Amino acid sequence: MDYFTLVIAAIFVNNIVLAQYLGNCPFIGTSKESGVAIGMGLAVVFVATMAAAITWCVQRFLLVPFDLAYLQTITFILVIASLVQFVEMFLKKAVPPLYKSLGIFLPLITTNCAVLGIAIICQREEYTLLQTIIFSIASGAGFMLALVVLASIRERLDLARVPTSLRGTPLALIMAGLMSLAFFAFKGMAS
Amino acid sequence: MREALRMILVLSLICGLSGLTLAAVRQATGPRIEEQVLTYVQGPALNQIFANADNNPVLDRVAIDLDGEAVTVFPAMVDGQLAGVAIEAFGRGYGGDIGVMVGFATADGSITGIGITTLKETPGLGSRVVEPEFREQFGSRPGQDMALQSQGGDIAAIAGATLSSAATVAAVNEAIRMYSRIKDRFPKRWSDQDTP
Amino acid sequence: MNRLWKEFSKGLWKDLPPFKIVLGLCPVLAVTKTAYNGLGMGLAVIFVLTLSNLLVSLLRKAIPAKVRIACFIVVAASLVVCVELLMQAYAYPLYLQLGIFVPLIVVNCIILGRAEAFASKNPTHLAVADGLGMGIGFALSLTFLGSVREMFGYGTWFGMELAGDWYEPFAFMIEAPGAFVCLGLVLAGMNALTNWQRRTRGLEAIEGPIHDCKTCGLCATKPRI
Amino acid sequence: MIMTSVLVLLGIGFTAAAILAVASKLLYVYEDPRIAEVESVLAGANCGGCGFPGCAAAAQGVVDGKAGATVCVIGGDEVATNVAAIMGLGFSSMEKQIAFVDCTGGIRAEEIYDYAGVSDCRAQNLLYGGNKMCPEGCLGHGTCVTACQFGAIDMGPQGYPVVDPALCTACGACAQVCPRGVITIWGMTARLTHLNEITDCLAPCRQRCPGQINIPRYIEQTSRGDFAGALETIRERIPMPLTIGRVCPYPCESACRRTHVDAPVGINMVKRYVADWEMNSGQRQPVTCAPETGRRVAVVGGGPAGLSCAFYLRRLGHSPTIFESMPSLGGQLRYGIPEYRLPKAVLDWEIQGILDLGIDVVHGKAFGTDFDLDSLKEDGFEAVFLGIGAWMNMTLRIEGEDTKGVETGTEFLTKVGLNMETGVGRKVVVVGGGNTAIDTARTSVRLGADVTLMYRRTKGEMPANIEEIIGAEEEGVKYLFLAAPTRIISDESGHVTHVEYIRMELGEPDETGRRSPIPVEGSETIIDTDTVYTAIGQKPELSCLYDEGGNCPLEQTKWRTLAAHPVTLQTALPHVFTGGDMHTGPGIVITALGEGRKAARSIHQYLTDGAPHYSAKVQRDLIPYTMFTHVPDVGYRKRSTVPHLIGCDQRVCTFKEIEGALSSEEAKHEACRCLRCGLTCYNRDLPARECNEDGCVSRS
């Protein structure tokens, strides 16, 4: 499997939100403004990549040798939660401007199942470390793409005349459905 | 400093406790999980091979020692007699190992059929090894090594999935080798008994 | 007792997740292809949510603030792994269906959200009532959504044939787009219902009565280091 | 297996906790402990009303000095006191800012489109663009009203938002949702230092006013009976409404769009009414000043420009000191404008109000002799405003000009102002056509003289106000148009007896558009006189700027005025600013007042930012496309007239004030004649509208 296919598949064909149903809470929750969406998207790309790389090492050097694969979930989430907190502290200290723009999204990522999902998918697919990193960047980018597109649509929809009951979250979900339908067209382009 | 220590202590303790709990649960459920996995992963393949068996090959499975490694053998009984056994073997495919369950007739050591247990091949190409057209080529033939047509044998490879086909063949050959080394022990193991 | 009932019942209608508080969407969308899957996931969530609320509430005084989130997550994750193991042992086909989403229960915002927003601040019995209520509400919602999607998508309900051969299954409903649209329409229905109720009570209809992602409190919570 | 599980998880948990613990020590970012303290006393509602994203950010802002103790808008005084205690801050160290609606176009914008979408300004703006002509207009859907968490905005009866300053917390939510930028959050400093920009909603009168007063706003406030508010609006731009209400030649009225319907709105009458209302009430309206900065500024010259500069410097928090060489403040207002136009009592009352803000005055010190720029610097003045006016008279450059009995008009008026013996005769000839000439003539009439006013062009070309020209005629001043003096004839004692003049005729218009007079050869005539007053123009006396060596660090223009940047009024010396007649040459009072404010603004920016600055969009000339003359759909309404306090017969012998103020009803009537113009819009209302308690409702 070449890396190009891996990237295309992760962004479009198996889009983490629209095809895999992962990371939906932040997808709906932070897609009200495109500025916020971009911030959240970048934070996810960053954390997901780091988390996938670290969890890959944990799995490879700790869980497999000791035959503890069933502890995957708990170790991964612990790693992610600590990582998020660590990254937050690190950014605050080392790169305050970045912290100001991404910092507020970091705590939200702990509960973003896309991050844990990406780490677990990498294990299920038995990717190499390089593949893991590429896959997680691409998946994060796919998340960001979907998020920004939905946010842009919602900004316009806010102004449209729609039945009262549909305003807000319901319409956002329906829009997400239509986007997901559009992404269906990528099926078969790469596996 | 005290706070940091407390932080470390509490988190480590909680982790340790959860490890203990989980290990215990794991221990308790382990055998049952194994059986479930066999029933739902190997079971369907066995049913394809021994359509007429009147026992449950999964429940009656036996681990046989072969050069220090345990080989799981699934016996099939017909009318209380051991009619055949199945052995799972793996071949390296395009997307990972392909698990193949190979069934042998105990009477003459011929292959009764094969079933695919696990595979991660490309959908539409390599994954077509599960299709009957491909699988049935292996049925009812003597238990000796075989090869793809391209390598001088008589197994028709799936178009565009030579690697997956070859992996299947390799797995079958592996199973044949294992079978030939342990087949002598079967009569002893299932001598006229209904159940082991 | 009153209080207990209140905390329990709010999860059943007033704060019904995920329809009233839009939380835990991933399992809602992913596993509700059939009513059976929905119910299975719901039961898993009830188990995890109730016990995690219980444990968090018990441990709430011992946990230092800085590793609070990590501790909550370890508790939740342990329970999830338990569920995973039990499901493998006793409901393996369900486990195969729910696949990756069982481990993901741990990042279901409902679990961490209730731990953070409720269990870590309330006594044990209330926390359990809250978790049980929310869990049951969640399970019912999932079953409902699964039923709707299964009926349209397969023409069956819990595997039982509902329609004759003439029924052409509406495959859209069981794919990802259908999940989004279906949930969107259900939420719109909830809004319409709320507004209808408000109108019958002589109140003015309001736009989008459904809470957005607010209730879990995580958004506002920053781990303090 | 149990053992490994426990150990692995224990290990991971321990590692995670240890890394976090170490990281929290190593990566510890020092946070001012006061941030936490401040946050703990804030209301904790995270309402965002303070303009910060939540209470934590607000606390950070307070500690960073971006906000004052009153940051929490819902916490009230108690929270403010607590915050002040933690921070050691003064209670009111932050300037109160409020939302400010600068558009009155709600109903008008709606008329342009048949818009049926959601009632949301942003939606309409996005989908239809709203008003075609004006990019700034209010759309009137009230999105700002819903955006305001504090209920401070209401849709007023005219269909545009009205802000309640008491409830407004300047959170900026309204400004954020307004797609047209109609609402701005302004602090007093920003309002005082704002220069008109071409993107502002400038009605023609506002473009024309040299003082940049927000005329439509104070007229609207007057129409609602909010006289105090109107005064506050006026005082944002000029400090002397009483004076301007009396002496201004109101250029604004010449730009008024109502001129094209019937007659211009009596803008100045309205201003005078509200100014008189304050004076007659006996109670001065409060004038807010920013907290003291302690920066000292020297204001040289206590005329209108200097008074205005000092007033705004004081309001911006600085400490100005006025240096005045004459015994009293007021400059030309006191020594050039006669009593019957601007009673000294009124002027004194007004100047006292300005000085009461805390402005020091040094009397009897002349610039150039008693002190200079260097000595001011030594005395600790960080900036200097030069506003010594234009007191030097132009000469006729004719034979016999130094004859006894020939004097300049300003000298004469100054003597009258100082109650000195003037030496005025029985037959007076005044040369000139400006307001000074008329003032001289009318003053002479009051001193019992028979006055002839000689002007080299015709009545239509006279620069003086038309009311003044008519008033003088009514009082018996004889006009001699198209005549220029050529020679002054004196008797043996050296006293003037006759003036010889030559008749002129008007030639072709020159580049300025004025027809220049051409002497008619051989038409010399002689008239009797015993006193000649010349009032043909003045220029600044700049000799005071030169040191003994004849050097001056400042530059002059070719009109012999002090050169300065046209917008910032900064001279060649960065800390020296100028304004008023010294900069423009003889001009009208409102120009001097306006320049005083501009200079104060520049000085403020010089003191706080290091240099004055201004936007490239600054409005200087009239904006041509807004000067349309076709004003349909407006009904005829009679313009009010200013009552005359005394009859013509009495006027010639008394200096009592002639013009009176409107009555309250007349003022409201006049205010209601205003079309509430914007840049290109105006109220297309019909005579049916009426004045009532709530002001002028344009549609019933």
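Read from first to last, the chains carry the letters A, B, C and D; within each, the first residue is number 1.
Just so it is clear, a residue touches a chain if its C-beta (ideal position, glycine included) is under 8 Å from a C-beta of that chain, and two chains touch if they have at least 3 such contacts.
Remember, predicted model here, so these are calculated numbers, not experimental data.
Engineer: Looking at mean CA positions, which chain is nearest the middle of everything shown?
Structural biologist: A
Engineer: Distance from the CA centroid of chain A to that of chain C, rounded to the nearest Å?
Structural biologist: Centre-to-centre distance between chain A and chain C: 20 Å.
Engineer: Averaging only over C-alpha atoms, locate the centres of chain A and chain D and give their separation in whole Å.
Structural biologist: Roughly 58 Å separates the two chain centres.
Engineer: Centre to centre, by mean C-alpha position, how many angstrom separate chain A and chain B?
Structural biologist: A distance of 36 Å separates the two centres.
Engineer: What positions in chain B touch 2 or more of the other chains?
Structural biologist: Each of 7, 10-11, 14-15, 18-19, 22, 26 in chain B touches at least two other chains.
Engineer: By residue number and range, which residues of chain A touch two or more other chains?
Structural biologist: 70-71, 74, 78, 81-82, 85, 89, in rising order.
Engineer: For chain D, jot down the residues that touch at least 2 other chains.
Structural biologist: 1, 4-5, 8-9, 12-13, 16-17, 20, 23-24, 27
Engineer: Examine which chains touch each other and state the graph shape they make (line, ring, star, complete, other).
Structural biologist: Shape of the chain contacts: complete, all pairs touching.
Engineer: Quick check on the complex: what are the chain D residues that touch chain B?
Structural biologist: My answer: residues 1-2, 4-10, 12-14, 16-18, 20-22, 24-25.
Engineer: Once bound in the complex, which stretches of chain C touch chain A?
Structural biologist: For this pair, the touching residues of chain C are 22-26, 28-30, 69-70, 73-74, 76-78, 80-81, 84-85, 100-101, 103-104, 106-109, 112-113, 175-185, 187-189, 191-192, 195, 205, 207-208, 210, 212-213, 216, 218-219, 221-223, 225.
Engineer: In the complex, go through chain D and note every residue touching chain C.
Structural biologist: Per the touch definition, chain D meets chain C at residues 13, 16-17, 20, 23-24, 27, 46.
Engineer: Could you please specify the touching residues of chain A with respect to chain B in the complex?
Structural biologist: 1, 70-71, 74, 78, 126, 191
Engineer: Contact residues on chain C for chain D in the complex?
Structural biologist: Residue list for chain C touching chain D: 66-67, 70, 74, 220, 225.
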